[in-house]
Every structure is written in C-alpha cells, then in structure tokens.
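Common to both upcoming complexes is chain A, partnered first by chain B, then by chain C.
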Partner chain A sequence: MNIPKDLYYTETHEWVRIEDGFAYIGITDYAQDSLGEIVFIELPEENDQVTQFSEFAAIESVKAASDINAPLSGVVVTVNEELEDNPELLNEDPYENWIMKIEIEDKLELNKLLNAEEYAEVCE
Partner chain B sequence: MKRTVLYDTHVELGAKMVDFAGYLMPLVYSSITEEHQAVRQEAGLFDVSHMGEIRIVGSEASDLVDMLFTNNTRAMTANQVLYGMFCTPEGGVVDDLLVYKVNDQNFLLVVNAANIEKDLAWIHAHNTYDAHVLDESEQTSECALQGPKAQAMLQKTTSYDLDTLKFFTFEEMEILGQPCLVSRTGYTGEDGFEIYGSHETIHLIFETLLADHPTLKPCGLGCRDTLRFEVALPLYGHELSKTITPIEAGLGFAVSFAKKDFIGREALLKQKESKPTRRIVGLELLEKGVLREGYEVYANDALVGHVTTGYLSPSTGLSVAMALIDKPHDKKDTLLEVAIRKKRVKVKVRNKKFYEKHYNK
Partner chain C sequence: MYYDKLIFDLSTEGRKGYTLPKAEVKRYDLPKSTYLRDDCPGLPEVSELEVVRHYTNVSFKNFGIEKGFYPLGSCTMKYNPKINQDMANLPAFASLHPYQPIDTVQGVLKVYHDTQTWLSEISGLDTFTLNPYAGAHGELIGLMIIKAYHRDRGDSKRTKIIVPDSAHGTNPASATVAGLESVEVKSNPDGTVNLADLKAVLGDDIAGIMLTNPNTVGIFEKDILEIARLVHEAGGLLYYDGANLNPLLGVARPGDMGFDIMHINLHKTFSTPHGGGGPGSGPVGVTKALKPYLPKPVVEKQGDQYVIIDEPKTTLGQISHFYGNIGVVLKAYTYILSMGREHLPEIAKYSTLNANYIKESLKDVYQLPIEGICKHEFVFDGLKDKSTGVTTLDVAKRLLDFDVHPPTIFFPLVFKQTIMIEPPETESKQTIDHFISIMRQVALEASQEPDKVKGAPYNTVVKRLDEALAARKPIVKYKDLETN
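Take a look at the complex of A and B:
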C-alpha cells in the first residue's frame, strides 16, 4: 500500500497536501483499492464551505456509493474537474489526482490529522 | 464464518473476500467490469458452493414439492429444472429457488444460501406427506461456468455430448472422471452450466478449467450481481421478499394458477385479478450519478417507491435501476425523481430488461 511520507491523513482514508498555503485533498491508495473501480464522483462546488471530518463529496464505485470527508475546514478554491469525465484517474494515481483545493481556515486542525506512520497502522 | 472448498484458491487468485450469508466468498478478483465482460464475451467461472441443496424423496415427494412451490412441478418431465418460489399464504416470498426433478419420488431444490435454515423449517412445517427432507448443502459444492464459450470449455472435460443438454435441463455425468450433476442454467443471462458435486470434485473442476483456459476468468459475487441485474433476474431480499410478491415482481410466469392448490395461491390469484398496486419496473437516470438500493422515488413530492437494485450497467453504459413503484407511476416513460443524498435527480420509467439475454434454447 502506497502511503507517501509528506502528507497528512484521516482515519477515513483521505489525504491532505499543504502547498503554497492551500490544502490539496484526495483519497488514499487504500481507499481506491477498497472501493474498486470508480465510475462517478459527485464533486463539491467552488466557494462551498467544507468542515473538518464532514462529508464533502461522494464517490461511486461499480459496487457502492461512499462519502468522502474533508480532512480540514475551509472554502473550496478549485475542484479537479478532470475527474468528472475520468473518475478512474482516482484508481490510477490517487495521490497525483487531488479532488479539491481549499483555503485553510484553521491550521491548528492539522494537529488532529495522522502522519504517514500513524495512518499505516489504520490500514493494517 | 464458513469457507467453501475453494477458499484457498480464491485467496491465491487474489480475490477480495467478503461475508455473504455466513460464508467468506470472493467479491472480485481483478475488476467487476473485467469479470462482467468476460462472462458476456468469453466465459467466467463462479464458486457458488454457498447455495443450499435440499433433497426431497419419498412416495409423496411430488405432493410436498407441489404444495410448497408456486410453479407447476406436475407438468415437469424427469431431468427438467423449473424456477419458482415458496410463498406464504399472504403471497409474500419465503425464497425463490430452482427445482430439479430426478423422478416423481426425488427432487433436488437449490435455494439461496441465506435462506437454507428458513426453507428447511418451512418445508418441515408443511410436510404432512410420505416424504423425507435431506439437507445436502454441507456435502455439496457448486460452480457455475457461464458465457458464450462455456460449452466449448466444459465439453473438453466430459464425453457427454453437451449439445443434447437443453436449456433448463440437467444430467448426471462425469466431468474429469468424477460424478457430477450438470444443468444448463445460470444467473447471468448468458448460456452456461451449473455443476454440482463433492467438494473434491468441484475443487478439481474449478482449478482445471482455469488452468486449461487462459481466457476463462474467475468471477466474484460483484459481477454475479451486475450480470443478473442487467437481464432483470430478481435477487431475493431486493426484487422479491416476504413483502414483495412474485406478481408485483413481474414473475407471474413462475406462478402456475393451473395448479389447484399451493401455499399462497389464493392471495396471488386475487392480486393478479385485481391488478397489483405496485410493481418492479426499470428506471433510467437522465443525468449523472448512480441509483442505489433503498433510494426513494418521488412523483412531484409524493413518495411512490424505492430502488431495489441499481448500477452503472457495465454492458450498456447506462445508469439504470430496478425499482418498486406504485401505480400509476409505473407506466413507461413516466418522469420521476430519485433522492440521491441531498439532491433529487430525474429518472424515466422504462423496461427493466437493460440487456438482451443470450441463452442457448
């Protein structure tokens, strides 16, 4: 299972990458593998307010629908619209293909997230 | 948790294992879509050893089966297979099953894994006949070889001429030199066979078929469901249940009113004559998304039904569902709405056969 060292994680299998003061958010390798083939993603909209550990998007695999939770609170700056037509990109490279970029509301929320080592234990 | 004889084989093949009716069963080996397409275009091999096998024998075996089963077993010839249900006096479904007639005094009933205990209790409770009920589930394994290439693959393992095995009939034959019961039946909408035998025999057949045919894919429960769904075959607990009758499910063909008596006859006949107030229809989603079991269906703001099974259909690419819809909203081309999470999406009522069956009749 691929768990990059430089990301923050949630127990519900989302990741966060901090870049230029923004947070890029996606699902982990473990998540895409458990879901199986992803066929559709219901993306949030720009300017949507998302809340830490609350659902912000839904992913449909062949088998079922799953909620995706926001690892941090904030306002959506950009969504990765490429996923609308090519949701399978999340299976192919879940770390390269982020789902949304948000403006971070409260950096202290990062303290509630897991590092790679802690997240690896969740996946065991 | 129970394991079938093929458990280690599934794990070696890299299957994702899930709990299904108390058994650890393969959900998917490679991908549901790949396995689905293999069955539609070439062939797929399923472990269905979790299914229940109940034998009814005795001088009045035929009377017992006929009283319990909705379809007409009296009209069956030996070596025929017939689909139907056990119903309650109210017309609800105890289980749907296949009846294999060996002769008037010997029937094999193949039932859903989750319902084995319930079915046995139901049969025993109504057995006022000279008939013995034997649960053969534990000593029987089963695999299903399905798809347009199924016959060619199976023919290499037997001297029995499979051309003579007609749709919904069965024969005792040797496969790889081992005694088996083979029927031309399945749950995919494709031509194919269901093979019953001892644990060792099914293990041997499963591994040999896979080793001999590189294009044959092991297939999990994931594609078993998408395959049966596309051709509108019902799944107990979804399109049929204790509260959904075969008439509502559109399975009137499996209920024989020509029979003078069977449990549920009166209620079902009444429902058929007065027309059911709801029925299972097809829905097609007119926007993006996937319809899932349990989602509510609305006509304007009135709740008129719920989705029973839904998928982005692998063979057609359509986002479709089967749903139980109140009349008169069940008419073809009626526009309805389905609640998906926080929003409503537009759907159109359509025929529930999303994909044409390719049986060898």
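Take a look at the complex of A and C:
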C-alpha cells in the first residue's frame, strides 16, 4: 500500500498536502483499493465552506457508495473538475489526482491528523 | 435468437393472436370528440405462437427461485407456494373494487384484520397497518411516526437516528428521506452493537435507533434488552428492521425485546413473491402508545362487523392507494394459515440449521470472520486462500456457471470480501449439499486454475460484464443498444 511520507492523513482514509499555504485534499491508495473501480464522484463547489471531519463529497464505486470527509476546515478554492468525467483517475493515481484545494482556516487542526506512520497502523 | 427480440420487433401488420370475449353490455358508439385518437395505438401485431415463443425465450434468460437455489443474504428468497397464488386469484377476491360498499367486502376485510392480528401475535407489537408497499416504505412510515411522536411531546431537539455500521443501506436512506440525520455506531468484532459506542452517542438529540436482529452478519444481538433500556432511558424509540425476521418466527418476538415499532417484509418472511416478481408489502407494527399515528385507512372489527376508519384523529395520513397491496396480504394470510401456529417455529429452526450447516461445511476453504452459532444467514470474508487474487466477485460469477444464484456480496461493509449466504427453510438437504459441493469446487478451482474463476461466467447469456463501464456510461435506451 502506497502511503507517501510527506502527507497528513485521517482515519477515514483522506490525505492532505500543504503547498504554498493551501491544502490539497484527496483519498488514499487504501481507499481507492477498498472501493474498487470508482464510477462517480459528487464534487463540492468553489467557495463552499468545509468542516474538519465532516462530509464534503460523495463517491461511488462498483462495490459501494461512501462519503469523503474534509481533513481540515476551510473554504474551497479550486475543485478538480476533471474527476467529474473521469472518476477512474482516482484509481489510477489517488495522490496525483487531488479532489479539492482549500484555504486553511486553522493550522492547529493539523495536530488532529495522522502522519504516514500512524496512518499505516490504521490500514493494518 | 429470433424470438427474444422486443415483441414490437416481431410485429407484422394485420397479424392477430387474440379473440375478445363476447360483450356483456350493449354496443355503444362514443360521441365524436377531440379526445378520440385518430390512429390505433402502436400495439404489437403477433400470433399466439409468436407471443408464447417470445415470452418463453425471454423467461429462459431470467433466474428465479423456481429455476434454482437462490441463497441471497438478507433477502429470504424462499419458495412461494402455489396455493398462495390460487387464493389471491379467487374471483371473489380478484374482482373486488375498492369503492364497493363495506357490507359487500366483509370477507376480504376479515382476511385483512386477521392478518393484522396474527402479525401482532407473531411480533409482539400491539397493532399493525398493512398499508405500506415495501420494506423501505415501511421504514419511512416508521420513522415518520417516531418524528410525530417526539413532536407531539414538544420534544423538537430529537433529529438524529442511530444506525449500526452493518445496517441495511435502506436504513440511513430512509432516515434522510424522513428528515433525520443518521449517526453510525460501530460493531464489535463479533458483529454485535458496541455498547460503549452506543452510550457515547445517546443523548437528548436522539430520536431513536434502527436495528436488525439478528443483524446483517446473522448474529443475534444478545444485549438487546440492555440496548432497549439504554435507548429508552435516553428518551429514544427502537425501530426493528424486519428483513431478518425469518429465524425468529414463533421463537422470539421483537415486541418482547423492547422494540416500539417495526416493519415486516411479507415478500421475504411470509413467502409472497419478491423483487421484480413483486409487488411487495411492508406492514408496520407499533406499540399501543404509537397506535394513533398509524396511516389511514385503518381496518377494525366492531362487534361482528369489519369497518374502515378513514379519519383517525392523529393519523399520519394516507400513504398508499386504498389499503395497500391486498393481493400480497392474501398470499401471506394463506401462508400463515397453511403453516399454522405449530409449524411457524419450524421455519425459524430449519432456516437456522441450514445456515449453520453450510457455514460449518465450508469454513475450511472460506474465511469465517465470526465463529459460533449464526441465525438464518452468515458471512464469509472471501476465500481462505487469498494468495491467488481470486475475489468474492469472481466466486459469485463462477457460481452462475453452476446455475446457482450468487449470494449477496460486498455487504455489509464491515468486511472486505463479504459473501452473505442465506439458505431458507424451503431448501432440502440434497440441494444444500449440492450447493456446498459447488462452493468447494469453486474454491478448488480458485487455487488450481485461478484465471478460470477470474474469467467466469462462461455458460450464461452474457459473460463477465464491465460493471465500471456500465455505471460510467450506461446505455439506457433499447435503440442505443442496437447501434452500439
């Protein structure tokens, strides 16, 4: 299972990458592997307010439907709209294909997230 | 194959395969009106033989309980005895009209009322309505009753409903439709509700809890009395999802466990046709305190007369056309009557025995995540040997080649490779032994020729389908199918 060292994680299998003061958010390799072939994603909209550990998107695979939770609170700056027509990109490379970019509201919330080592334990 | 085209494609102008019965009323010419159509409707023009060949061929493409074993977990695909159909087809029932005067339909109202009474006795709930059309409809009505009950007590804070992580998908869906927010509680490793997790979410914002007992992994919630006490103490109500009622029939009653409200799937537990062969029926039962909220019309017995009460004071209102699916009620009534009080418990016992027999016979080759006695169904977590990469989906597809309907797969989500097997009491030991031998053969193939299993099915009308493509780019029109 691919768990990059430089990301933060949630117990519900989302990742966050901090870049230029913004947070890029996606689902982990474990999540895409468990879901199987992803067929649909309901994306948030720009300027939506998202809340840490609350649902911001919904995802469907051939096996199941599932909510995706925001690892951090903030306002949505950009949505990866390519996923709308090609949700399978999340299967191909879940870390390259982020779902949304948000403006971080409170950096202290990062303390509540897991590092790669801690997340690896969750996946066992 | 020629005859399995659409029947419209078999049409030839002027061909006729019917004779109309002699008219029993005088001929009457409709007045000229703009509402009369100019052309004949586009009905297929085919001979009787073409109709028979068409539908016979189409029926071969289908798989049903009358074709083979159908161990679909949480669905109770039991055989529907023909006598049920015969009774529902009796002209005295089939030709009734819902607007007939009440004194001319006392017979069917007796059937209706008796069924309500028997369901009460079987489940331990005070009163039933037979109006809801299906299980999920029953869930929605049940949740609306829970909401109305809290509202009338002036308790408007209760907006959340607790649902275990192993619950049927309809539970959180019904909650959302009813305007309630679902809160998930985790399962213990043995599949039962985690009491600590439950206690943590109980509070004055909880409207109630939805439980299936035995739950979707086939395990009886042994702490149910404690769960009922905790939820009631917190001011919530208990809703019983009746999908898994089969192993309790005549043995244990949801009402005695502390449930306030429940639905029963007549099309599962009481042997009326199911799924595409429906329609279904999802009677809802309640305790005395909740009786005033039941939808209308309500059928009651006053003296030796059956009456319809159309306007109970605090009813939710009408949730179905007339009285619900009467034909389905007639079939369930016939089933209960044919089993009788003395044989109903055998349904529970034999379905439970069948499930345990299969579980114990296969656990050396399939991964059994929860040891111990199950009820009428149980789950495997895929093949024991996972080294070959053969998944639960592959096993399910391979079963099709042996004329077995696959079990429920990838549900509940508490395991990664779930196979949920439910062998109803209507199956003989020979059928079950045959199924076990097929499951063993598939497991053997998975270790010796994994690619064969991964490529299954081979003997079916259509081969392995591209499920992802079907979901991403569905073809929803017959015309588009032809051009593709």
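The criterion applied here is as follows: the second predicted complex is superposed on the first by the 124 of 124 C-alpha atoms of A that agree within 3 Å, B and C clash if a C-alpha of one lies under 4 Å from a C-alpha of the other, contacts with A are read in each partner's own complex, and residues count from 1 in each chain.
As a working rule, a contact is a pair of C-beta atoms (placed from the backbone, for glycine too) under 8 Å apart; a residue touches a chain by one contact, two chains touch by 3 or more.
Bear in mind the structure is a predicted one, so any value in this text is a computation, not a measurement.
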Touch test for A:A58: chain B only (first), chain C only (second), both, or neither? first
Just checking: does A:E42 make contact with chain B only, chain C only, both, or neither of them? Give me first, second, both or neither. first
Touching A:P87, do we find chain B (first), chain C (second), both, or neither? second
Which chain A residues lie in the overlap of the chain B contact set and the chain C contact set? 37, 39-40, 60, 62-64
For chain C, which residues are in contact with chain A within the complex? 410, 413, 416, 467-468, 471-472
Applying the document's contact rule, which stretches of chain A touch chain C when the two form their complex? 34, 37, 39-40, 60, 62-64, 87-88
Counting only contacts in the complex, chain B reaches chain A at residues 16, 27-28, 31-33, 222, 226, 288-290, 292, 311-312, 314, 341
Listed in rising order, the residues of chain A that touch chain B in the complex are 36-37, 39-40, 42, 58, 60, 62-65, 84
